[in-house]
Each structure stands twice: as structure tokens, then as C-alpha cells.
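Have a look at these structures, which come just after this line.
Shared between the two complexes below is chain A, which pairs with chain B and chain C, respectively.
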Partner chain A sequence: MARDDTRARRWRAVLLTPVGLTAAVLLVAVAALAVLGPVLWGTSADAVDTGDVLAGPSPEHWAGTDNLGRDILARTLVATRLSMVLAVCAIVVAVSAGILLGAAPYLLGGRAGRLVAAGVNVAVAFPGLLLALFFAVVFGVGATGAVLAVGLAGAPVFARLTQTLVAQVAGRDYVSAARVAGVGRVRILLRHVLPNIAEPLVVNATIGAGSALLAFAGLSFLGLGVQSPAYDWGRLLYDGIGALYVNPAAALAPGVAVLLAGLAFNLFGESVAKGFGVPVLVGTPQPRVRRESTAVAADVASASEGGDDEAAADVVLEVRDLEVAFVTAGGTVRPVREVSFDVRRGEAVGVVGESGSGKSLTALAVSRLVGEDGSVRARRLRFLGHDLAAADSPAQRRMLGTSLAMVFQDPMTSFNPTRRIGRQLAEVATEHQGLGRADALARAVDRLDAVRIPDAGRRVRQYPHEFSGGMRQRAMIGMGLMGTPALVVADEPTTALDVTVQKQVLELLADVRAADDVALLLISHDVTVVAEVCDRVLVMYAGRIVEDLPASGLATRAQHPYTRALVAAVPHMDTDLDRPLATIPGRPVDPAEVPAGCAYAARCPLATARCRAEDPPLEQAADGSRVACWHAGEPLPDPVVRPADELVEAP
Partner chain B sequence: MTTTPTRVLADAAASAAPPSWWEQPWVRFTARRAVRLLVSVWVLVTASFAMIHLIPGDPVRGALGPTAPAALVEARRAALGLDDPLPVQYLHYLQGLVTGDLGTSLLSQLPVVDVVGQRLPATLALAVLAFLASVAVAVPLGTLLGVLTRRGHGRRTELVFTTSSIVVATIPDFLIGVALVYVFGVELGWLPVAGNASPEAYVLPVLSLAVGPAAILARIVRVEMVSVLEADYIRTARAKRLRARRIHLRHALPNALTSALTLGGLLLGSMVAGTVLVENVFAWPGLGSTIVSSILSKDYPVVQAIVLVYGLGVLLVNTAVDVALALLDPRSMIREG
Partner chain C sequence: MSELRFEDVTVRFGRTTAVDRVSLTVPAGTVVGLVGESGSGKSTLARAAVGLAHPESGSITLGGSPVPHRGARRPLQMVFQDPYSSLDPRMTIGDSIAEALPRDVDGVRGRRARREEVARLLELVHLEPHRARDLPARLSGGQRQRVALARALAGRPDVVIADEITSALDVSIQGAVLNLVRELQAELGLSMLFISHNLAVVRYVASRVAVMQGGRIVEEGPTAQVLGAPGHDYTRELLAAAPGRKPA
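Our next item is the complex of A and B:
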């Protein structure tokens, strides 16, 4: 039932695209012509008129006449049937032979199966036309030979497809279950596997029919396919091109017919493949209609920028009312809102929160690395006194390229796999510091040395895949050290690493800080890591900062119930193992559906009616720490043990 | 893949002893590729040998026609060695291939090697020029469109380009040839439409062969560019504040091309075969027009040899693509192991 619904919806989706609809209409027209063509124009197509041979287009003969005075247009229309029948026969041969060859490895198994698979692999490497010529020689010139030739030439592709599909389906549980139950391979193939791979096979056969039609026209055009007096489009083209100077329409009419029919099959097949392969998901981010460019945002920013809270001289990064917005199908989503904070020289600031809290996006936004589909606004966004909301300029690029270092979460994917490590480091120096290639490479070696990569001189010539994960993360830090960074933004730098390697990377970051008084903005979901490394912690929830406090005070002085819950969720040496681990009930807020009032209210044990109605502002206390909570610091009730399925483990 | 290659490599690098030479990825890669090439060549040679024996009836009788005297047919059969037992014929065939003897044409009595040697350069020139032309157009076009239609950009451009490239790619090369002959030969009379006597004569055949593959290749390059521009390492490159052009051309393009190259190789292979049709449109004095006339006149030794040459061409192209891929992206050497 549900399956039929999906299918109907997909078909509708296919037919509603302009291309899909055009192709479908064209296909129906070609099919109708194949049925009716010979009935309607059969007589005029064969009517010989020796008084009017090789004539150009005229009111009686729209596309002129051939060397026997027969009407070209009528012959083209009549030829639809034979062309289609031959193409369909060829594709039937191709699919049948392909299924046999493709299923053979599964049925035969073992050495014989591998032999067939290897043979198919060799055959697939040869272009279809070459195979078709080979078989055309073997089966002889003529329509039957050409059907077999085009069909068998297409077989390897379908064999490969079947092989892949069978392998996929054969791995599924119900097939394994059937095998365990002692069902034979042939029976499994017919009952369980083939019905499940029928859909992609049919779609590909549709596309294949278009190719077969064109290939057939090619063979007939070469004189190897349909022979006189029978005629298909290719044969008409073969006759027509000889008379191209006398009556071009004689070649163009069948040419257009071949093209339209081929397109109809191909486009229809492609549309169906697209429609069925990629189901339409509701709520995926759509391209924006309006473009809120950063340049516009910058105007707004400068216009509204007041003279309030002038930054202290040692502030490296200054962020006021940062907002990141994405335009989606469901409206504008703001995963980061009203974020304000400073990072001072040499200071380590941690940002913690669950996934979706906006912490990583905040890191990207302050580094000007948010993708172009998102828009960043801020009342003030300054790095080393430079306005980052201003448009991209060469000077600003140089400043950011040398003073702001980034370390990303996944060292496996963050290096370019096709470039040597040394080159990737060196280009910072060649791009921003005016160094020559040799000098830049020497500096890269020096920097790799500085991040304790052994044998750096050899390592620079290696590719990222030759480095281990921890080494890559160190190299990434080394890349940041190519310049003279004032700030390192590290977005979950240890999440993808083993525990022992995590420690090394954190120590390295600490050393980098200590050596040059470099500031660190460390994004992490791990409260323990942040407490260990950082001076100050920003706790984010649903895109806002909810608490800002010294890292040393996390365990004792946290005011916000969410911060306290995060801290409580970390198991300690003295945690009572007989009690369930502390967790935060409920789920993190979806940035697309932020409720009114305090976003944490739904999960908060202290929540009152006011919390659900009014969003608490981030208030600064006398000691400089900030908290956004109507009930900051109030004692928490004892945790209530809830059924397991309602619990979401705190990170 | 049972173990992650990176892990293995990292461990190997961490241990003090450098890996033995046969453990070097490129040695294994070359060896594997050589074996695959040899097996494919063997299959091809055997198939071309089998071809003449798969033809129903007597190929010599078929070639010489029903009116030829029986003595002549017998003599030709003997000359071709068709009366020997199959294994002996196979051995002779292999020997002939190694020594460069491809037999004699049934009709012209010329050595097949000479026929092929005379015709091969024209076909080669056509295929290579067409390939270069399609790459020269497709890579910049695909790259540009990839950048223009990256995430959150140019939805309409993408739709127009994708649709039109599918349409263009569907048009078979010989139809493009016919249309070009009509427009530039018949209507405008600007360019020669037959033979390869002058440089201008190359324009239309090369164009008809290049247009379809160029459309396909441009489409692949665009799709790859779009997905590569989403990669983490592009974000890293942006974090280095490199110029947009450098990010697109130095960081994204090589990665996009590695995937595009695999399909591009298949394309080049199909272009080798595509010459057959295009040559017949333009009366090009190459292998393609020869194989068709030889098939029609049942001159099987010539057909056999040309099928072999085409097949070898395709295999060499595929191998060259694999090697180029390995040079561009060293991981591909390991991935296949």
C-alpha cells in the first residue's frame, strides 16, 4: 500500500519535470507511429513514380522523393515500426544475455563463477560498436545478424549491472535466511533476487533501447544492417546521404527521426532513473530565493554599530550579536543567534554543547568559512582590530591566512588527497609570505619538525594517506603555524582520534599557546577536554550562549541547569557504578523549530511558566561570568530515573 | 579490502625497516595492471582468431562467391591454412602476430599488415585530434559550470546545462557528421566533406567525433567539481585563504579529474570505435572505412586484423588511463588492491 503510494508519487515527480514530460510524450508518439505508420502511409511509401525521382521538397512530397520517386516522408514514418521492433528485439537479447551472464557468477560460484565475471570485465572494456562489428561479421550482414550483434554487444553492460545488483540483494538478510533454510540458488535467484532488481534493470533497459536504436541506425547506415527492399531509418539515411547534394531532406528526415526516437528513450530513462533513485525528501535545504549576501550584512553591521563596549587592546577576537542563517524550504533557520564573546591574547576559550547547538557553526562564522548557502551577520566581528564583516580583500586574506589557524575535526578528510603534505603547508608561505617554492618547503619541514613529526624532511614529500590520523592532525596544526597565528580555532580537533593520540594533540595545542601567547578557540562536545585545556568556557544551547564561566569553576560554580547537567553527565572515578549514568532527558532542540521562551525549558527540571514564555537574556555578573537563566544557581531536584527510551545520553 | 590501507601504511612507516621493493604500492600496481593487460590481449587475440571460425559456412567460398572455381577456393583455403587442425591454426596465428604477419587479403592479395599500416595513421590522427578537442572544451567548460553551480548557486544554469548536454550526447556522431556535411558542405560550401587531403578537411570529421564525448565529459567534470567543492579539504584550502582561482584549479580540479578520468578513458575507447561511422560519412581513408568495405566484401583476414588493431587501441587507452589516474591520485593504486 505504502509502496504503491511511493511509486505513484515518484511517477508523478518524473512526469512533472519538463524533461520527463516531453520525453514521455515523445515516447508515446513514437510508439503510436510504430503501430499506425505502416497502416496509414504504407501504400504511399511504396508508390513508385519514375517521373519524379530525387525531387526536392514539394507540396506533394514534403521531404522529396528517392531514386524511385517514392515519398521520403512516408517512408520515414513507415520505417518507425521496423526501427523500433529491431531496437526492442536487440535490447531483449542484450538484457537476457546480460542477466544470464550476470547471474552466472552467483549460480555457479567458485572458480567457474569468477571466470565468467572476469570475462564480463574484459568484454565491458570494449566499446559497444566494436563488439557489434565483431558480431556482425560472425552473424553475417542483414537484419537478423544486426539484431544479434547489437544485442550481444550490449550484453556485457547488463551483465555487469546484474552482477552488481545481484551481489547487493544476495547480501540482504532475507536472502541469507532463505539460504540457511536450504533453498537452492536457482530458486533464490528467481524468487527473491530477480524481483528485487527488476526495477533498475527495466530503467536501464529503457535507456539501453535508445542506445540500441541509435546503434542499429549506425549499422544500417554502414550497410551492415537492414538490406533492401526492407528499410529502417538507418537504411534510409544510407540511401539519403548518397543524394545529399540533390535532396538533403532525404538524409535529414530519417536523421531527425532517429534522433527524436533515441532522445525519447534516453531522456525518459534518465528521468525515471533520477526520479526513482533519488526520492524527493521534504524539508531539504533548497537554494535560496533571496540572497542575503555578507556584503549587505556588512552594511547593516556598520550602520548599526554603536560606540558601546570599546574593545580592550589585548582582545584578539571580538564577536557581538553573531547570527548565522540558512534559507530552507521551510523558511529561514538561524542555528546561531545573539552570540557575543571576546577572546583575549593567549587565552583559551572552550565552546561546549550538544550536536546542533551551533558551536561548530560559530567557529566557522568567526573564521569566515561558513558555506555560501549560509549568511553571517554580526553587529561587530573583529579579528585583531580588522572588521571581518567587510568584503574580502587581498590584504584581509593575507592577514587571516597568516594570523588565524584552523584545525578541523576529521584529519582524514581535511587534507587534499592529491597533493603532497609539504606542498599543502608550503602554499601558505608562497601565497601570503612571498616565499619561493624551495624556501616555503624548507619552512614546511621546519614547521612539521615543530609539531614533532619525525623525519619531517622525508614526510613533506608524502601524501596524506601515508600519514596516520594523529600525525595528520599535528600536520594540520603545523600548517597553521606556517604563519604567525594570533588565534587557533580548533573545531573538535580530537573527536576522530584514539584516546592516546588525543592527549598528544591537546598537549601540542597547549605548547603552541604557551610558546607564542597564541589564543585558542576550542570547540568540543567533551566537557572534560575543555575543562582541562581552557581558561574560559562558553556553553551553547540551541544556537545561543547560555553560560560563560571560568573553566576552573565548571564543577563548582556553574549556574545554568544545562551546564550543571553536562558536568554531571561526565562519569568520575568516584561515580557510583550501581546507579544509572546521569543523562539529560529529552532531545536537543532542532534549530528549525526553536520554541518560544527558554529553549532548554522542555528539558529543564527548574522550568516554570516564565521560562516557557520569556527567553532569559544573557546577564553579566560582577565577576565577569555570564548566564542566561531565570533560575540561575537554584538548587536542582534529585534526578528522576526515567524509562531508558526517553533518555538521550549527554555527550 | 580487509584492512584500512592507511593503517597498514602508517604501521609500515612507523616500524623501522623500510618496506621491501615488491611491497611498494606502485610495483604491485604495475604488476597487476600488466597481468590484466596481458589477459585482455589474450582474450582479444583469441576472439579475433575464433571470429573466422564462427562464421557459418566456408568463409573463402563466401568471399570468392558461388561462381569461383573449386580449385581456386581449395588453393586459398590451403594458403590460409584453414585445412589444418584448429590448434595448429591457432599456433600459426599467434606466430604470425608475433612476427608481424597478419595474413593476406582474400581480394587484393596484399599483405594485411600493409593495408593496416597504410590506413592506421589517418584513423589515429582523427581519434587523437577528436579526443584532444573534446578534452580542451569539456574540462574548462565542466570546471566553470561546476564552480557556477556549486551548492547554493545557479540552479537554472544547472538544469539548462544538464538537459542540453544529455541531448547533445545522445546525438550519434554519424548524424552530427551528416548535419555538418549538410550545413558546411552543401549549404555554405566552406569546408571539404570528404578525404583528408588538406588541414581543413579535418575540421568536420574531428568535430562530429568530438561533440558527443565533449558533452558527456563536461557533464561528468561538472558533477565531480560540485561534489569536490563540498569536500573538507576545500574548506581547509579556504581556511588558508587561498585565492578562489587557486582553490578551484589546484585543489578542486585534480580531484574532480581523477574521477572524471575513469569515465573519460571509456569515452576515448569509444571514440576509437566511433571513427568507424565518422570515417564512412566523410570517406576518410582510415581503418573504419576499410573494415566496413571488407566486411561487405567478406575479406575476413583484413576484418580480423582491423578488429585486433581497434581492440588493442582500446586496451592501451584503458591502461594509459589507469596509469594516469595512479599518477594523479596515488590512493587509487592501493584502493584497487
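Our next item is the complex of A and C:
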């Protein structure tokens, strides 16, 4: 199971850190001591020796003896069990009460729910120890009272945590779906919400156990906790302090025990929380993202060799044999392989493919934005004659900053939400063009005007959240125009936008191109958008370019069966309503498991034995278009409905 | 099967009016497309119908009586946009579907009968019955969306609301889901409110279309008529913006 694998891997990761390992070992040791302590040292801890009371450390009694001549070290070891049991009981009380209180607003809803939530908020404001003292007095002196006191004092924190986590999960679609399906609130809480918030709760409970241990020591020390003849660490501490000047070790031994056990709980909880990161509440939508985050290697290398096929003068971007690789636990993964293409001055090149095809990574590699964990290699990667694979230098940064513009998919996250739009645009000019603040801001206004943002003079003083999605995307393009770009790289620039806004943004990109002969590299999953905007289309599959053809020929002249299927699968305004849509059976190739031969063979109706054995090279035809297929252009079998074909979508 | 009818429905969030006196009918056995841009109130209207949003005024009826938001039987079901968040990651898909099965309705009683019903539903959406034991993480986006459809069908609904069910999917998978929607409609005579911002997709599955703008429905009619001879400026604007319509 994929989920179990990730979990095992995370546990390993937790235990492999020095802190995690130390904490785990310490915790196991404390637990073992709790079980074995009373068995091993029970008798010596209770052995009264009136001839040797209040003695200091000696070879027989390493930490000395108490006022009845009992061995303090043995008593400290034996006290582990009671101290731990009390701490665990208290944390169980705290978590249970916390979950009840925290889930109540969700179950009750409306006014009663808000009332409980307000009560919890007030309770959280009180210091925990104060609450513990209050409850200890209410419940009376003794172990049971102390457990209830420490437990209830910890409850508000857990109530607050539960409340937040429940609110998070309750907003998810699967909870809405269950509600629509007629599942009651209590059942939803038990089946959908609690299992999905268990991880952070358990981690916090572990950390809380450490604090509970400390709180007990405090209560017992004050005489409110465990009473004689029973004893826990706090009680021993209380007894030891009285004889501090006679035998400091009597107080030190239980003190060190509290410290070590508390540290064990706290550090273990912390390292688990760190290792597991943000609570895993949903599946990871794109395998590529997960792979990046688990990758470890960090080298950006180039194998730039001197050159064959010298580029033509009007080539803005030249890419030869580009490869992007990530090192993962399962080996090296190459989501982009053998990618070669040119972008000429003023040309619009589209890159299409399914998610995971490597199209976005190609754009990131060109813009030098592949993360530290990925390695980018290319036989040649040149932009305006500069080697992009060369080491980073201020001159190169300036060149990229002014000549290459990047537009991302999500206009919500591409601006810093805390800074004014104008300042963020101006930064490009002050950073790369050496303009003063006023001049830079004037240019920002001018550029916003150029991307048709009305009332630009007022708009530059606004924050990103005051812009609509389409306007933010236009501002992003405006930011690219602060310099004099020769190439705009746009990664799914209109996917998050409405069709009418999409049209405006695409038109704007077309105008920018026309005005200054700017080249465009447009990454999109939408074949229709690419066909409309671009001159040439690169079709990517499993990290490779499988076809390179003029955009005007997409519908009629495509040779590769994948390109043809991609075009046929998308309904357009003239699609025949009496026939089912073409579908591509199976699912895209996982970059970690690229098969031998042609990666598309498993889904291809034309595939033969040769396709499964040999990967077809990207061959150039007389008209300049390229295709990688052994059966390029062969007629496809009639797209019959294959009712069961999607069954073979193996994960 | 009975018709879903919105009458003068208004939904407000604070001071903003998300849905403004909308009247719309989904006749029995038809797919009605609802188009418009984000923020036009499409999804809010859908959520109001299934009880996830509360209308301030107006009525939403199913076969003449108010849509029940309590009790075991829910004749109105919904499929959500994102198949990655609409299935509980810790529950097998079989359990997710079984959860939506009505209790003690139509003889689906007992563990065995429920399991068989889940298998039947999975087959209906072209998934192998043994996948019932898989967690959602093992499924592709398209497969998950089909599970979500199966779950919606488990409640034996009179009407299904599909809220942008293909917009989070890859184009190669979108086609299969659209084919399935048409197939289910033809086989089961399903009524559906199909919400999408993609005109070409709506044109492909819906026989009637309603166009929404700023919380109001500005145009409604048979698909061929609305998209072929739009009567409202906004519909014309949407049509002009649809990609792939570049004058040659």
C-alpha cells in the first residue's frame, strides 16, 4: 500500500535524525523502567535501615538514603511507574475532555456551538498550572485528584486544537459529500473527521505527556499530589528538598528523572511532528510534487559541450538534450528526458501534455527555477547566446531578470500579499536596471497601463488582494514587461481563469508579442488554447517530445497517435453529438516507472512488438516537423466505444 | 423520477448576494447545463439545493415537495469538483460508496446485499468490483471521479448535481467521464444539473442550458438554441471567448 510505504518511510526518517533517535531510545528506556522498576528494585526501595538514615552518597547507596534509611536511587527508579501512569492518565483525561469540548461546536452547531467555542477560548487564556492548582484544590489532595486536576487543566489546549482541526476537515468535500449522502453528524465525526485528525492529536498528546509529568512533579512537590506511603518523583523531590543541605543527591536524583522523562516525551513528539510535517489529510494529487519534496540530491550541473549545429541568429532559446532528474528513495527519476527545441524571435511555441508529462518542469528548467533538489543537465541550454547552465552570476541574473519574463498558473500566489503591487513591479527596475525609486514606480504605472489595467496610477498603490484574478495575471505580465523581454515563459497562465478573462489574457500576450517581437513559450494542458495562440506545438509524453508540428496542423496533420487522440478527446463547439468522445485508455506513465520501448505503447492502438522493445527516435521530416513514432501517420482504427477500456487504468 | 425546481431562490453571504431570485427547472430525465464564470453563483445554487447553503428566500422542490435534508433517503445527490478531496483518504472506496447506500430501502439489507450493491455500482461506472477494497490513493483522478459518481448514484437519487466534475481532470480522462455521464443518462434516465464553465463540455452533455451572471439567470433554453442563436449579450460574450473559435 502506497500509504503504508510513505508512513514507514516517514517513521524511518524520524528515527534517523539524531534527536529523534535519542528521544526514541530515551522513551523506550523510561517505559522499560516503568515496567521493570518495581519488580527489580521494589524490595530494596522499601528496605528500612534505621542505622543509616539521611546518609550522603556511598558505594551502597549511590544517591544516599532518606529519613528511614531507604535507598533513594532505588526509590527514584521504582517511582518511574507511578509517575508515568499518572502522567498518561492525566493526558488521557486531557485529550478526551479536549476532544469532547473541541468537537462540541461541530456537533451542536449554531448558538450552543459558538458558546462552547467561546468558553474554550476563555479557558485557553488561563495559565495551565494555575488551572491545575485550582482543580487540585477542588478535587482534594491525592493521586486521583491530581490526575483530574492536571488532566482538566490540559483540556482547553486540546479542545482548541481539536476545534481547529475539526473545522479544517469539516470544510473538505468528502465531509460535504457524506452530509449530502445523509450521514449524521455524529457518524461523520467518528468515521471521517476523527481518523483524519488523529495524527496531529497523537503527536501533541505525546508532547503534552511531558508537560503533565512536570505538572505532577510540581503538584506533589507542593504536597497536593501523591501522599505517603505512595511516592512519585514529585513526592521524592519534596522529601529530598528538606534534606538538601545534608544530601543534595536526594533531590537531584528524582529531579534528573523528571528532566530526562520530560525531555524524552517532548523531543519525541517534536521530532515526529517535524518528520510528518503538516498533517497528511489528503492524498497527494500529483506524484511529481511528492517526488520533489522527497528528493535529496542537490546538484545543478551542465555537460555543456562545444558545438555542433550552431544556432541561427534569430534563435532566442536553444535547448539540446535537456534532462531534469530527481534523486529519490527509489532511485533517480527523470521526468524530463532528451528534450531539444528552439524558440525563434517573436515565435510562439506551445507545449502540451497531460499532468506529469514534464511540460512544466521544462519551463522551470528554462527559467532556472527547478528547485535545489533537482538536477538540470543539457548538452546545450542557451538563452540569447548566454549559457543558462553556467554558474549563477550577477550579470546573468540581471540578463535573465530583464530579458526573460515568467507567468505562473496561480495569480493568487505569484505576488507577495503584504506588499503593494507597484513596489513589487518597481523592484525589477531598481534591482536590474538601476532606476531610482520614483523612476521605477513611474515605469510600473506605465507598464500596468500597457497591460490595460485601468487607472494604473491608483492601482499601483493597491495590494494584490484588491486585484481580481485576471487583473493579477495581467499585472504579472506587466512585471515581465518592466525589462525588455525577449521571451515570455507562461506556465498554464489561464487555467485558473474564466473563459472571458482567459481570452483577455491571451489577447494581451498576443499584443505583447506583436509589439516587440517577443517570443512566447506557452505551457498548457488545453490543446484548444495552444492551437489558438501558438505558431508551433511541442507535444510531450512521459518526459519526451513526441511530436513537434505547426499549430495550424494539429487537427489535420498530426502524425503521432497520442497527438491525434489528445485532439480528438477534447470536445469543442462543433463536436459530433451523436458519437462518444475519443478516450485514451490507461493512464499517463509515472516518471519513476518509464517502460522500455515507446512509453505510449501500452495505450496506443497501433502498438506492435517493436514499439514495446525500441523507443522511437524523434525524426525530422522534410517540412521541419518532428515525430517520434514507428507508426507515424498510419490510420487509426475506428474509435469504437470501449466500455471496459478504462478498467485497465492500473495505478 | 421527478423534476427539480428552484423558485425565486436568493442566497446571501453577509451583504453579498450570491444567488439573486433564481428560478430554474430541471425536468425529469434531462440534463440541464448551468454555465457562467466563477462567482456567478452556480455552485452556491447547487449547494443550496443539497442543503450545504441556506437560501434566504424562495423554495427548492423535488417533485413538488421540499428537498429533504434529513433522514436516510436523499433523493438529491451531488458530485464535487475535485476528486482528490471528495473521497475520505482513510476509507476504502467500497466503504465510501456503502456509506451513501440508503438503509433498509429496496431490500438492500445485510452486509452481503450491501457488498453486492457496491459491486453493481462500481460496474455501472466501469470499475472492477474488487477495487472496492482500495484506498482512494490507489486510484487515478478519473477513477476517483467515477467512484464519486457511483457514490452519488448509491442513494438512488432522482436528480444528481454535478459541480464542475471534469475541470480538475486531464483532457484524456475528461472524455471518459463525459461519455459515462451521457451513458448513465441514457441508461437510467437520470436527471442532472450539470455545472461547468466550459461551453463545449456543456454542449456535449446537456439538452438544455441556463446561463448565469452575477447571481441571476440571464438566459435559458434548449442547448442548440441558446448556443446557436444566443439572445443575451453575456451568452454571446461567453461564446466568443470559448477557445478554438478563432475565425480561420
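Keep this in mind: the second predicted complex is superposed on the first by the 352 of 651 C-alpha atoms of A that agree within 3 Å, B and C clash if a C-alpha of one lies under 4 Å from a C-alpha of the other, contacts with A are read in each partner's own complex, and residues count from 1 in each chain.
The rule we apply is simple: contacts are C-beta pairs under 8 Å (C-beta built on N, C-alpha and C of every residue); 3 or more make two chains touch, one makes a residue touch a chain.
Please read these numbers as outputs of a predicted model, since none were measured by experiment.
A.B. asks: After superposition on the shared chain, which partner residues are touched by A:Met479: those of chain B (first), chain C (second), both, or neither?
C.D. replies: The answer is first: A:Met479 touches chain B but not chain C.
A.B. asks: Examine A:Ser355 and indicate which partner it touches, taking first as chain B and second as chain C; both and neither are also allowed.
C.D. replies: So A:Ser355 only meets chain C here.
A.B. asks: With both complexes superposed on chain A, which partner does A:Asp173 reach: first (chain B), second (chain C), both or neither?
C.D. replies: second
A.B. asks: In the superposed arrangement, does A:Val527 touch chain B (first), chain C (second), both or neither?
C.D. replies: second
A.B. asks: Just checking: does A:Ala565 make contact with chain B only, chain C only, both, or neither of them? Give me first, second, both or neither.
C.D. replies: second
A.B. asks: Where does A:Thr583 make contact in the superposed view: on chain B (first), on chain C (second), on both, or on neither?
C.D. replies: second
A.B. asks: Just to be sure I follow: which residues of chain A are touched by chain B in one complex and then by chain C in the other one?
C.D. replies: none
A.B. asks: Could you pull out which chain A residues touch chain C in their complex?
C.D. replies: Going by the criterion above, the answer is residues 1-3, 172-174, 176-183, 191-192, 195-196, 280-285, 354-355, 498-503, 506, 525-529, 531-532, 565-566, 569-573, 575, 577, 580-584, 587-588, 641, 643-644, 646-647, 649, 651.
A.B. asks: Per the contact definition, I'd like the list of chain C residues that touch chain A in the complex.
C.D. replies: 37-38, 50-52, 71-74, 76-78, 80-82, 84-91, 96, 99-100, 102, 126-128, 135-143, 146, 148, 151, 154-155, 170-176, 178-179, 182, 197-201, 203-204, 227, 237-246
A.B. asks: State the interface residues of chain A toward chain B in the complex, per the touch definition above.
C.D. replies: 19, 118-119, 122, 125-130, 133-134, 136-138, 140-141, 210, 214, 217-218, 221-224, 237, 241, 244-245, 248, 251-252, 255, 258-259, 262-263, 266-267, 270, 287-288, 367, 369, 371-373, 397-398, 400-401, 404, 406, 408, 410, 412-419, 424, 427-428, 431-432, 463, 465-469, 471, 476, 479
A.B. asks: Please give the residue numbers of chain B that touch chain A in the complex, ascending.
C.D. replies: 5-7, 9-10, 13-14, 39-40, 43, 47, 51, 54-56, 150-153, 155, 163, 166-167, 170-172, 174-175, 178-179, 181-182, 186-187, 231-233, 235-243, 246, 250-251, 254-255, 258, 266, 269-270, 272-274, 276-277, 280-281, 291-292, 295-296, 300, 303, 307, 310-311, 314-315, 318, 328-331, 334
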